[in-house]
Structure formats: structure tokens, C-alpha cells
Amino acid sequence: MSGKIFVAHDALSGLLDDLSKKFKVWIPQMMDQASGHIAFGVYAPGKKPELTRRSRLSPKKILFPSMDTLFKFTYVKDPKDPVRYTIDLKESFDNGPTLVFGARPCDTRGFQTFDQVFLKGQYKDVYYERRRQNTLFATLVCQDSDTACFCSSVGSGPADMTGSDMAVIPIEGGYVIEGLTDAGRKLVETSGSAPSPEQAAAAEQMKRNTAALKIGEDDLTGYADDLTRRFTDMDFWREQVSPCITCGVCTWVCPTCYCFSITDEASGMSGERMRSWDSCMFYLYTLEARGHNPRPTKMERYRNRVGHKFSYFPKKYDGMVSCCGCGRCIRTCPVSIDIRKVVKELKETADDRA
Amino acid sequence: MDDKTNALREHVKGIFSNLELVLGWEPGYDPLHTRPFYVRTESDIDRLTANCLSFQNLTRYLAKSMNAVDPAADGRKIGVCVKGCDSRSLVALIQEKFVSRDRVYVIGLPCRGTLDARRIRALVPDPARIRSVNAEGDELVVETDRGISRFALDRAIARKCLQCRYPNPVIHDVLIGDPVTPRLKIDAENPSVAAVEALSLEDRLLFWENQLDRCIRCFACRNACPLCVCQNHCIMETRMPKWITQYRNMNEKFMFHMIHALHLAGRCTECGECERVCPVGIPVALIKEKINAIIYEMLDYESGIDPEAVPPLLTFSPKETGI
Amino acid sequence: MRIGVFICQCGTNIAGTVDTRAVAKKAMEFPDVVFAVDYMYTCSEPGQKEIQDAISSHRLQGVVVAACSPRMHEPTFRRAVKKAGINPYMFEQANIREHCSWIGTDREANTRKAIDMVRMSVEKLRRNQALFSTQVAVNKRVLVIGGGVAGIQAALDCSDGGLEVVMVEREPSIGGKMAKLDKTFPTIDCSSCILGPKMVDVAQKENIRLYAYSEVEAISGYIGNFKVDIRKKATYVDWNACTGCGECTQKCPSKKAFDHFNEGLGATTAINIPFPQAIPKKARIDSDYCRYLTGGKCRVCEKICPVKAIRFDMKDEIVTEEVGAIIVASGYDLFDARVYGEYGGGRYPDVISAMQYERILSASGPYGGHIRRPSDGREPKEIVFISCVGSRDISVDRPYCSGICCMYIAKQAIMTRDHIPDSNCYVSYMDIRAPGKGYDEFIRRAQEEYGVKYIRGRVGRIYPRGDRLVVQGADTLLGVQVEIEADLVVLATGVECSAGARPLAEKLRISYDQHGFYMESHPKLRPVETNTAGVFLAGVCQGPKDIPASVGQGSAAASKVQALFSRDTIETDPQVAHVNENMCIGCGKCEQVCPFGAIRMKTLRDGSRKSEVLETVCQGCGLCNATCPNKAIQLRHSTDDQILAEINTLFD
Amino acid sequence: MSSKSDAKQEREIKIVGFLCNWCSYGGADTAGVCRFRQPTDLRIIRIPCTGRIDPLMIVKSLIQGADGVLVSGCHPNDCHYAVGNFYARRRMEVLKRFLPYMGFQSDRFRYTWVSASEGQIWQQVVTDFSETIHRLGPNPGLHQTVDSAPAVSWF
């Protein structure tokens, strides 16, 4: 077997039906017709994957839910001495076999950032790890960038299959699905019939053509030191973020933003500890118990967001920018702040001055 | 360059020496986007634009950023560009003493409607690559890589604009452009609210649940709202008192939107910013529009019209009965 | 926190329909509860001891008592836990009696409900804060509203105790209804002979400041520190100058003025002194009748007045008095008999009210004490008294008994038989209410000694026949129709709340019942207190009663005030609003809605605006808390978190 | 927090009552003293004044699963704090009219005025409201997931 199958457009539903028997299959789907809202949702027979338009929200929540119960706890009173409690803990895992079908290369690549933080090094995040191990990615070779896309600027591209188990390559009449990892190949081989030589050739051609595309004009890697130089230039930051309303949508839609907060929600004698998304754009994110806030205004907060992605992260992780270039933050920003421009101006104006 | 933008720039040039700064708009990252813009120097003025893409309600920055703006030692005013709906927010902020009328120079811009980028994307063949967007009379002309599309402006403007009752600023120091005829009469029924009310009670619940289920609790609606003045101290985020838990379930999402709506009862000026900024497309403003309708019917009050009026839920009348 | 829960059985009052043992057992499962028990009478001495012992043996930090209404025993238990060393506000009471055991018989449902109520109280208590009162100085002056016998008694008692008294009387003279009475039951002693000296006392006491012909305009402040605006209505006579000589009343050409004191029988002059014993004895011009004030010509009194006291340009004047307590003795009105068309009240001159008859009987009355008919001045021989006119009648919204009419009818009938021995007196009655010392004996004297004829039954109709009146009714004891040709009919009009009672209550922030009588704090145990601290009640404004009861209440209210004033300071209720400055956004909405002006805005050094609560002025209503958008202002002991916890715990 | 979607099954009806301390709480006491029988569904939360009511407390109760919410205070003009109930009246009436728009059964929320002396009226209010709620049945709560929903078009 070649590790490739061909799925005609009208056979896609059948494939997903089959897959959904073994996996929890996530696909980009239309959530609301009126607002054209596309996001990742669990496949169920009858639902159609939206493979020709980009999703507003990234598939981040599949491995990193916006709210994740870590464990449940119950206080148990000692009947002889009711002042004393013992605590009953129950870990909570939700990590069956999962397949993400139809994410874009930038979406899938976003998890590379998570992997660095949650899997490498001394401490591993077991919740993320278990989900990660049980999830396969069938990633779409991306055909339709828009004015906000810039994956090539951050060292990726529309055919970048980093982190993917399968490539979904659109060709005339359907898709060629190609296994890239062992798990991916195994799944592909049991899921359909091989493409004809013409179809296989068309897919290869499509991959090559797409890989040659340059999405995004500038190279936005290598700005780590510019940020450091620019750190205390508050005029620069004021100019960049004056319109910002600190809504944090950029962090919410971002496939690489992994900040979280841990809280207990309890009522009566029992409750649960949960992890939920947090945003560095919020005042409360860095608010200290005494009332001091090291990032009191949006300038410090936005500086942190840019700095984290383009300076602190690459300095720590071998130059890897923690931005996948999907452009969601640009597209959804209510006040049209463009992170590409901010990063570029870090250097440009710094150079001008130098 | 369109006439309105030119007229605005000319006017600002004439008065800029008397102002500390001017809040306006400049083009965003592509022709479908616009960015709020702080005109701080004379040379900035030529970046100003004013057109059907001037979405943002700039009064939002007045209440929330007054402290961030350096207080003018010499008492110079802050200039702010307002559309009809924005001007009502400004009135409400003056009412609630968040903005002092004599601190602002109000540049009024009568408005025929602002575009809804989502609607445009559905109308043009290649929405990914739009080169230019221009309103020509009642027509919108959109140029993309694949050519030029023309269609009626009404097909592309925001929901709130289709039912606009106050296209002309209700408060201004200067008016740039000719007044526009309102699309709806003041006492006209809100057609979107009516559309929701046409559903059965059960369907209405399902409708809202379906909408609010998408909410990711990013609070963009809150942050964009010029009258959500609590900001960093919003009860949505504080755990003391604890109105909301960290659960991301329907109960909490519903509760959030009920808090948002009821906190704006009698205050919302229907600028629609909450709805525009929602990343998941929830018609957030539609919730508040109903409360506005109730308050108009019950207490004959509209927010953001009279700077001297007291918001209706901050006052009472002993005589009113039958409510 | 270590919480103890005490479930009161209240004898069988609670235990009869609630399984208190099961409630206590369940309470042990609630968070922070380390001790729970049920007890026969938790409020009793040994019951309180049980709580105190448990506090020390289990080192409790908070206590929940599930028993009767906190409106009843919350202070009791707060004192009890305080004695045992914990802050009195670390206490919660679940009302499982009035709100549970007494209103349902389903034991299981009641028990479930009681468990819920205890759970709610525990959750609230877990969020309680120790609170501490502050002391505020007491202004030891008292305001008495109303100068009837109850108010006079209260004022004199306070004055005797050395307090400064401010008395406000709506009418030109004090004395109230009692001053109009001829005699009082059951002793037939002369009303003005016993009231007169007290009225004079009021005038003569140096520590009583009397504002007659004045009304309370507005009241602000709180216990210990009220501020009262008093409207001195224009009398057109300078009372500092007026000596009450009465020259003016002799010469006044307008002689058809309505005689309020004589209930409209006869007339008086436009400038008048209401009655000879009036206190203050000063002249007043009735602007409705004064020729100068209505027509612009006359000014006779001005010329005649030997001390030049007439001031035609006088206007109402507002004066402000500061007091520490208020006694309300604002009295009552009499029912307007015109409502009963079948009695012809108001249409037939010889159908009169009992108060009019009282004036007729009075030697200082319009007929000099001779009983005559208003129509033709003839002495009546056949006189019918009709009781319960505007009492005990749901159809006129007066379902209550006025309590005094049976007695005053007997008195008037006795007086009539005394004055006109050959007269016949008939009393048409429903039931005779005579529960008082010597009262029933008095009725018997009327019947047996004075031969007053008592007919049980209601009068159906009165109509004129010639110059007499035919009274048709039933004698339900004999089961026959009765028809009497009477010369005079006296209607025993009942008591109703004063026309100004409701607006006054609103100024005082006290509550009233559906008939407008003021609500006491507790119908039995706190009969002269109101729910507004520092405001006390005396007399009929609280409910119908006779003279001895009114006088008793006047004294009772006075003694309450003296008890209050026996301390230099009073503790304020610490259950007031409090601002979390870190959260406050300075929007000022709390300041805008506060009914007491207890909130003001301040500017911090960084220029930010914050609101601030004046704790002694705050009354703890929580309106600010409800209004505050981000809940930066919290009402202590009724915080958002506490209310939300009570809600949440019900639906876990 | 439990999922409310399966709450249809038989369970005890619970009504949350917010009663002002001065009038209605006293009225409920009076009803108790007079032994006026009432349904047992009501769970009373004592508040100082209806002015303390934030309409969001009512919303919170309904979302949490309260089958009914009853707010009762002093009669208008009769507020212990003079005007608290006037504010409350406006706020609650706005909420009452707003609830059905969001898909809530507005009959599950009622506000009323009962004085401390009106024990009998309190009995009637509680009995009548409980009957209303029993007729409506348990509050099904919000659906935690929505499979299909009606679309509304406003363009």
C-alpha cells in the first residue's frame, strides 16, 4: 500500500461516519449561518466539514479545553471528630481516541508551541499529554490564504505538515489523504482505496505548488533582541496599542496562546479543581493579591503578548516563534491591530534610530 | 479620497492647535478594516478617514481612557468623531458624569450606515482578497482580485444600521456632512426584536441557547461597550462577590449575558459595538435592544438623548402604578 | 469556621410537625458544622446555656439557631452568643416555626423544608463577618407629634424627667378630641376639668416648646439625631404679642365662620380663639372667612387689637428642630356618617354625630349645655342612639370595632336622662363591648338605673315624618320590626385613622396597617415602639382605644424615650453598607439612589473618585448594593455572596 | 452544579422567596402566628428591603433551577426606607417583561406587596403562586447542549 487513499467529495461523509465509530472526530463546521461562524465541532452523521473557508476559532480547545476539570474533591467529616476532614480526590481524564480532520497547517502547527511547554522538560502536563497521545491530525493542504495570513513569515507555509499524521490534499473531484506518521498511515490504509496514478500525481503537484507559495511578505522570526531593546520605549507601545480595547479576543482565537488559570469551584462539601483559559490581555491576569499590578495598562500587556511570542519564547526554545501565522488575531481584532506590523516596526524604527 | 474624509481633515487642521488630540479613524490592515486613531500631531491628520468603514464607537475611549490620556494642563479639549449612535453613547457618558461636556470637542458625522464585513464576504466572489471598498450613493462598490462587484448599500450594512433611528449626532460642536434621513421612526418597532418575538417561547429559549452556547467568555462585547464602565472590576471576573463561576457551561454563559444586558438596562445606546466585535457572531446587541424597547414602552425613556435626564432605573416615580 | 447548629423544638410548636432530631442530624453533614443538637426551648435560660456551653466546649465560631422568627428572638440569641464570647453577628436564625412548622402539617415536607432553611443559614453564616457597633451621641430632646391627651401625657412625663420637649399640634389649640368631650365614662367626671390642668401644664413647663397650628414638614436623620422641619402655618396674628384678650373676636364682623370646635353647630368669628380653655390662648384668623383676606376690605381687628398683633402679611414659616426621639400621638378622625345614606346623615339636621351631641351636652357648647334640637331648638323627648356607625362593617371597609362607642353612648344616654328626666332614650346596638374596669357596671346603670332602652338590631332606615324622624329597624331579640318616632337621632360614629396619618407615616418611615393605623413593633411585646428606631407611638394613631389606654400609652412612650435617653450614646447598627475601594469605579450611582444621603464621593490622592458610606447615617436598606454595577458596595450581613450562597445551596 | 437538562423527573418544587424584613417577612410571620396553612415549596431569603433586590438575583435563581421566584415587599409608599420598593418595582417590572424574550417563563417570577399585618393576604399569595408553579411543573432549566435551533433572519 502507498499510504494514500482517494476520497471523492461525495464519499467524504461516509469516511467520516466510519472514522467517527473509532474516534471522536472534530471537523471545522458552520456553527451559525447568520453570522457565518465556523469553528471546530464534533462530527456527527449529517454534519458537513467546512474545508473551503477558514474557521474563526482554532482547534486549540480539542487538546486544551477552555475549561478542563483536573480533579474532583469531596470533604469527608470524621464522625468522631467533625472538625477533622479527610479529602477524597478523583482525577478526571477525558481522552479517548480523537481525530482532527480538516485543520489547516497553521492550526496543527500551533500545538508545536504547546508541546514545548507542556511536554518537554522536567514536568509534563499529564492532561495535555494524554490527549496529545490519543489525537491524530488529518491536516488540509491550504489553498485559500487571505490578507491576514502570514504562515510563511513565521517559518511555516500552507503545505507545512509539521505535527500532522495525515495530509488532506484537495484535487479535482475529491481529496487524496496521505499518511505521514505510522499511526496516520495505518489509519489511512484501513479507510479507503488508493488513488489512481493520475490522482496521486495531481496530489503531489498540488503539494509542490502550495509549498512554493509564500504567505506573508516578511520574515518575522529573529526579532527577539529587537523586542528587548524596545522594551522600555513606552511611546512606541502607546502608538501601537492606543486603539486596543484589551478585549483579549486575540488570545482566545490564537492557536498558540496557552495561558491558563486554575480555580476551585466548590459547593457544600464537594467541588472540583479546574483549569480554564486565561488571557495576558486582562488586568486580572497579573493582579497580585495585595492589589499591585506589574502590568497595569494595556501597553505592558500588549508588549508582553508580542514579546512572549516573538522574543521570550524563541530565546527559550531554540528560536521557535510561538506564532503560527494563522492571522486570526488580526482578522478578529475589533480595532484592527496588526501584529505583523507591530513586530516589523520593532526593528524598522529601531534601525531608523540606530 | 472621498469628500467626507477631506472635509473632516480640513476641519481638524483648522482647529487642531486648540485640541489636545483627536479621536478618529485610519485605514486598517486591509480595505475592509478600520482602526481607531489618536491624532496627536499635525502630521497625523492626513491619516484620518471617515466613511462607511468607520465602525468603531470612539466614545468608548473617552470614559475608559480619560486617565490614560494625559490630562491637558492647559485645559485643551479632546476632539472626538462621532456617528449618530456614538453621539448617544457620549450623551449617556455625560449623563453619568464619566465625561465632562466641556472637556470634549464633538465632531459629528451623519452616517448612512457602517458596513458589516461578514455580509460583504458573503456577497463578493473572492472575499479573501479585497482591494477596495467604496460607497457610491446607495451603492457599494467592492473591488477584488477577480473584478468589481456592485450592490445596494443596504445589503452590506450592519443590522443596527438597517434599523437606525438616530443617524445624525444628537450632540456635536460641528457637523461634517449633511444630515441623513433616519431609516426608522423613533417609536417604530424594532424589526429584529420582533423577529425573535415571533418565535414561540420554547423556540426563543433554544434560539438564545444556541447563540449563547458559542460564547467563549472572551468579554470582547463588554470591553467594546462604551457604557460598560466597570472594566477591570467587572463582576464577571471578580470572585468577590462571586456571581459567576469558571464553568464554561450554558448556565454561566447565559448568566453572563443577562448581567451584561441588565447592567445596560436604560443605559444602552444601541451602538452595536458588542455585536460587531463578537468573535463568534452572537447577536449580543439584540438582547439589549429588547430591554430598550421595554423601557421605552414602560417609561417613555430613551438613553443617550438628553444629557440632563436621569437613567430610569436610577430613579422612580411614586405615582406610577399598574407596573 | 466551626459552626454549631441548635434546632429548637419550641415544645411541640416546632417538634409537632418537624422532625427536629432529623434536622439536627442532617445539619451535621453541612460544611463547617461541628455540633448540632435539638432542644426543647432554645430561647429559655437553660436553652441559652446549652448554646453557651457548646460554644466553649466545641470552640464554636458561629451559631445557627433554627427556631421562631428572627424578628422575635434574634436579639435574644445575639446577646446569648455574645455573652459566650463570640461576635453577635456570627449568628444566624432559621425561622422554622412561623415559616414552616406552623403553616403546614406534612411532617416530611416540613422537615425537608427545615433542613433547607438550616442549610441556607449555615451557608450564610459561613460568609458572615464579625461586626462592631459604633457609638453616636444622643440628642436628648424629644418631639411629640400631636397635642391630644396621649401626646400631652407623653410630653408632661418627658418634661418631668427633665427632657426638653418639642410638641407639634396641627390645630390652633392642644387638647385634641378629649377637650371637646363633656364628661368621661364610666365616672361621669368633667372632661375639661381633668384635662385642663394638664393643658395648662404644657403651656407653663419651661422645657416644653409648643408649636400649635403647625405640622411636621419633613424628617431626616436617625435615632438619636433626627432633624425635623416644622411648618408653622400662618395665623395672621403675632402670637408673641397676642394676649388672648378676645377684643378682636367681639368686633369681628364676619360671624359665620365654621366652628370646628363645636363640630359646626353654631358659628364663630373669622378671627377666633377656638374655645375658652384653649392652649395656647391666642387668636387666629380663619382665612376662608376673613373679610380682608377674602375681599380685601375690613381690617377691623387690626384697629381694635390693643397690642397690635395682627399680621395680614404673615406666611407659613419652616423651623427646624433637632431631636433624638419622636413620639407620634397624632390621634384619629371620626367616621363620616354621610356614607350611610339610609341614616340621612348630613341631610336631616336632627340626625347628628355623637361628637356633635357631646358639644350639645357641654356647658361650654353651642347651646350652653341645654339639650336642644339643631333644627328648631326644641328640647327632644324621644332620642335614638345608633351604634356601630362605621364600625364592624365590612361594606364600608371598617371591619374593626372602635372600642369606645358602646361606652360613650351609655354615657350620653345617662346624661340625657339626667338633663331631661321625661325623655326616652333608645340605643340600637349590635353587641355591647364593655371590657374595662367598671365598664359593664356602667352599662347596667344606664339600663337599670336610668331606664335607657337597649334594642339589639340594626336600624334599616331613618326618614322624616313631620318635624320628627322615623327610625325603622329590627329587634332581633324579640324578632320583631321596631319603629320609633324620634326627636333626635345620635349616630355613634366610629374611629378611623387621621386623614394625615399616611403621609405622616411616610415622613417618619414607619408602617401602617390597611386602615391607616400605625404598626407597632410587636402587637404584644413592643406595643409603643415602631420598626423605625427612635420613633414611638401613643394613643389612637396606633389603633382605637379609650382615654385611660391612650394616657397609658403616652406614659409608656415617654418611659421608652427616657430609657433611650438615659444613655449618652447609642450603638449604631453595624449592618450597613461598606465600599471596597479597590473595586469602586466612582460612578456615583450609589450616591444618586441613597434615600438617606448616606453616601458621598471622595477623591483619592491618585485622582480617582470613590464612594464612601457615612455609617451613622446609613440605614442598611441595601439599595446602593443592588444598584452598584460591580458590587463594590456591599451591605454588611446581607452581602451578594451571602444571598447567592443561600440561593446556590438550594439547588446543588 | 448539576446538569439541568435531565431535571424533568419528579422532584420537590422549590420556590425562592425574597422578602423584605419589615413588611413581607413580618407578614409571613403573621400568617404563621395565625396558623394559616401554606404550601411548603417556599424557601425564604430575608433581605432588608426590596430595594436590595438586584434583578440578577432573580435571574440567578431561575438559572440555578428555582421553580419559582417570589419577591415581596412593603406596599408602595410604605417602604421602611421610604423609596426602596419604588426602585425595585421598576427594576423588577423591566425584568418581568424581559424574561420571556430570552425564553424564560415569566410566570415563574412574581413580585407583590404584602404588609406585616396582612397574614391572610400572604397566605393567598403563597398558595396562589405555588399553584401556578405546580401547574408549570419543575423548572426544566437550560439545555446544556443544543442540537437544533430555530433560525431568525433580520436581513
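Descriptive notes on the structure:
In this document, chain identifiers A, B, C and D correspond to the written order of the chains, with residue numbering beginning at 1 in each.
The rule is simple: contacts are C-beta pairs under 8 Å (C-beta built on N, C-alpha and C of every residue); 3 or more make two chains touch, one makes a residue touch a chain.
Keep in mind the model is a prediction, meaning the values are calculated, not measured.
Of all chains, the one whose CA centroid is most distant from that of chain A is C. Chain centroids computed from C-alpha atoms place D closest to the centre of all protein C-alpha atoms shown.
In this structure, the chain pairs C-D and A-D differ in their number of contacting C-beta pairs, and the larger number is found at C-D. One inter-chain figure worth recording: chain A and chain B are separated by 31 Å, centre to centre, where each centre is the mean of the chain's CA atoms.
Computed centre separation for the pair chain A/chain D is 44 angstrom, with centres defined by C-alpha atoms. Averaged Cα coordinates give chain B a centre that lies 55 Å from the centre of chain C. In chain A, the residues that touch at least two other chains are 34, 265, 267. Residues of chain C in contact with two or more other chains: 582, 593, 627, 640, 644, 648, 652.
Shared interface positions of chain D, i.e. residues touching 2 or more other chains, are given as 1, 60, 64, 77, 83, 87, 91, 152-153. If you sketch which chains touch which, every chain touches every other chain without exception.
The part of chain B that touches chain A in the complex is made up of residues 28-30, 33-38, 56, 60, 64, 68, 118, 121-122, 127-130, 210-211, 214, 216-220, 222-224, 231-232, 237-239, 245-248, 273, 276-283. The touching residues of chain A, counted against chain B in their complex, run 31-32, 34-37, 39, 56-57, 66-67, 144-148, 242-243, 245-249, 252-253, 261, 263, 265, 274, 276, 279, 282-284, 297, 330, 332, 334-338, 340-341. Listed in rising order, the residues of chain C touching chain A in the complex are 2, 28-31, 33-35, 582, 648-649, 652. The residues of chain D lying in touch with chain A in their complex are 1, 151-153. Listed in rising order, the residues of chain B touching chain D in the complex are 119, 155, 159, 162, 191-193, 195-197, 199, 201-211, 213, 243, 245, 247, 249-251, 254-255, 258-259, 261-262, 265-266, 287, 290-291, 294-295, 298-299, 312-313, 316-318, 320-321, 323.
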